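Below are structures written as structure tokens.
Two complexes come next, and they have one chain in common, chain A, joined by chain B in the first and chain C in the second.
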Partner chain A sequence: MLDGGIPRGNTVLISGSCGTGKTTLSLEYLVRGAQVHERGLFLSVTEASHKIQQNLATFDFFDKRLVDDGTLTFIDVPVLYEKLGLSKQEMTTEDIDLFVGAVARLASDLKVQRLVMDSITSVCYRIRHEEEIRDLILKLGKSLSDISCTTLLVSEIGPQENRYSLYGVEEAIADGVILLGNVQRRGDLLRTLKIIKMRGTTHSRAQYVLDLTPLGVLLAPYLKGGRGWEAA
Partner chain B sequence: MPNVAPGEIAERLRALPEGSGVAMKLGATDYAGNYLQFLAATLRDFGMEANAYTIYVSVTNPCILVNSLLASLEIPSDRVFFVDVISQTMMSSLTKLPNASYVESPTMLENVMLRVEYFLRKNTATRRIVIIDSVNSLAIHNDPAILSEFFHIMVNNLKSRGITTVILAVAEETNPELENLLSFVCDDTIQLGVAETEPKGA
Partner chain C sequence: MSRPPPTPSSKAAAAGPAQPAEAPRDPIFGIPEVDAMLAGQLPKGWLSILTGPPGSGIEILAKQFAQAAGARETVTYYTTSERTEDIRRAMRDFSWRDDLRIVNLSDDYHDTVLSRDLEVSRFREKGISPQEIAQFRLEKLEAPPVNFVTRMLVELAALDKPFRLIIDSLDFFLEQAKPSAVVSLVRQIRYRAQRVGGFALLTLHPGIHEPRTVGILDDVADLLLDIEISKEHMQFLHHLTIRKVRNHPERTGSVKITVGEKGVSSAP
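For the complex of A and B:
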């Protein structure tokens, strides 16, 4: 689908409404990387990382030793905020720089090649202006790309929104957008995945049905049945 | 097309190259008897000899029933995995088998593909067989166009990986549209206990 995978150093939005598999897909991306000795960092903004690790343990592909030996690191962003003194509800331009610098330093110190921020939307909630959101993603993407780190930014959108991020600016700046969603066909709700854009590689433009199995994310072509059954 | 004797089914399957698609047409008269002969020949005589894993997509009957039939035929269940597509739709109290995965509705054809894929990835034995029981049951719940698309993708995917697909059909209940579908995706047809009459019209 991606002609060899996400190009190294790209910043990719994983967009979708709740329950579409964004976190699982992102976690699997980290774990699969760790299995081939690429260090990964998961920055959890909304959910406690120990809970995420508990959920991860239900998947066959996860091996806790990857966490124990430091190949995979989980960090709670609220803890990071506290350490940086970013306890105010609203982030200023200086705060954004401080936050981006801290994430880049973490990635560099830990020598990570894959990073997930779940979710970028929750970080953006604390930013008032669209220009500052653009600034955050540009700076974050650049600083991580400079150390050859591929970044997945989880983006939460409503179930029927015709865009890929809450503020609409994130998708313009990101190198790639992978959209997860639910499609209704004759009353059945199917989880779907589409690659909207991916700089640096040719990619599929077809829609796939996704299943979250103990072996990880599996995909099958979305069946059209010779006519336009469409999303509700 | 002539019927085969039950004892010849395994031999016919053995003669096929790996990755073949086979339409297994069973006669409606004494369907239960024909079905038992099919199970014995395919899963016991052929499957056990070939040391194969079988992934059985049960649409006609709940997998718990098929599993009990396998037990009565002394076919060990440790090499059989079920993708049960009907039990949840029936809304009956569900006793889940450990070797089964349940799809909520026979209309969720992509999920059938995905669960088959799941079992194929879990069991990487060299010889694997996928049985779809049956094209007629799937046709009750799905439009012909989407059903054709499903079989085209699924059987060709399995063929390309050397996995044999056996598609069950009730001969007398198979209309020309389904006949066309089967002849399009299958390399061979095996017929058991079919009365020598013309198939029913569309």
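For the complex of A and C:
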């Protein structure tokens, strides 16, 4: 679908409403990278990272040794907030710079090539102005791109939203947008995946059905489910 | 209150004859002239506020108030600015009891607020490494900031016998909480003192708080004492003024005091 993958150093928005598989898709992205010795960092904003690891353990593709040997690192962003004194409701421009600096420092110290922020929407909740959100994503994207780190930013949107991010600015700045959704078909809820944009690739624009299996995320062409399975 | 200060000796003499007939009394401050001005005894449940600028000796007088407590009173000294061992050392230097219960709010403040601020400044300045962040657990972050007013109220509720309670100083509470919460705390202290028969002494620095708050606090207090410093012939003179005695305006007045080996005493 992506004609070979996400270009290295790109910042990609993974958008979708709740239960569409954003977190699982991002986690699998990290684990698959780790399996080929690309170090990964998962920054968890909303959920406790130890819970995410517990959930991850139910997937066959996950191997806890990847965490133990440091190939994969999980960090709770609230810890970062607290230790940087960003616990207030609102982040100032200085706070945003500190936050981006801290994330970039962690990514560079850990020498990660893949980073997931779940979710960027929760981080943006603390920022008042659109320009500052734009600033945050630009700076984050740039500093991670400088160390050739590919970044997935998980973006939460409402089920009926006609844009790909809550604030509208994230999607414009990101190098790519992958949209996950739920579709009702004959009474069943199907997960779908579309690539909206991906700079630097000639990507497919078809809608796929996404299936979360113990083996990981599986994709099938929409309305043709059951045949021609291919791995993500 | 513009009447001339009463002569302490004459007051003491006036209070003298009544003494033998009554049960033995615990000193109020342990300054005979001042105790005599207050007729030798504070009514049960009285709350006093002692104000004075830095260096005026209000902390020593607060400790002397703790020292003067009788055997039946449990004494608790809440400090917001001194180290516990310094208070005990000061008490020993004056040959006073050093067995009083000291609750050090400044330690709590340091542990919960200042040390955290320090750590935050370090991380903001130097950045945070993966090794450092790995030490912190998400579950441990949830500790809410200490509410010192609530903490005091819990302490108060546990006082069920006659007590002498000293808070040095109320300034800390006024810095940490809303004035209305502090006023309410002071009312609670007074109410508790009246219920179980206790005395409270709170120290306050003059001139740094809202006049409105100070006005209300003055109103709640039964006894108001000020220490003032003046300079005369290259020497500092300390005056202890009793500014308010509830229902006894005639007992107000001023005494020249000095701090010596035995603590605060009236100066010749």
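What we mean here is this: the second predicted complex is superposed on the first by the 222 of 232 C-alpha atoms of A that agree within 3 Å, B and C clash if a C-alpha of one lies under 4 Å from a C-alpha of the other, contacts with A are read in each partner's own complex, and residues count from 1 in each chain.
In this section, a contact is a pair of C-beta atoms (placed from the backbone, for glycine too) under 8 Å apart; a residue touches a chain by one contact, two chains touch by 3 or more.
All values derive from a computational prediction rather than experimental measurement.
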{"item": "Touching partner for A:Val183 - first (chain B), second (chain C), both, neither", "value": "neither"}
{"item": "Partner chain in contact with A:Ile196 - chain B first, chain C second, else both or neither", "value": "neither"}
{"item": "Touched partner set for A:Leu138, first chain B, second chain C, both or neither", "value": "neither"}
{"item": "First, second, both or neither for A:Leu2, with chain B first and chain C second", "value": "neither"}
{"item": "First (chain B), second (chain C), both or neither touched by A:Leu110", "value": "second"}
{"item": "Touched partner set for A:Ala102, first chain B, second chain C, both or neither", "value": "second"}
{"item": "Partner chain(s) touched by A:Gly85 [first = chain B, second = chain C, both, neither]", "value": "second"}
{"item": "Touching partner for A:Asp76 - first (chain B), second (chain C), both, neither", "value": "second"}
{"item": "Where chain A meets both chain C and chain B, residue numbers", "value": "none"}
{"item": "Complex contacts: residues of chain A adjacent to chain B", "value": "185-188, 190, 209, 211, 213, 215, 218-227"}
{"item": "Partner chain C, residues of chain A touching it in the complex", "value": "48-50, 73, 75-76, 78-80, 82-85, 98, 101-102, 105-106, 109-110"}
{"item": "Chain C residues within the chain A interface of the complex", "value": "117, 119-121, 123-124, 127-130, 132-133, 136-139, 141"}
{"item": "Residues of chain B defined as touching chain A within the complex", "value": "104-105, 107-111, 113-115, 117-118, 121-122, 142-143, 145-146, 148-150, 153"}
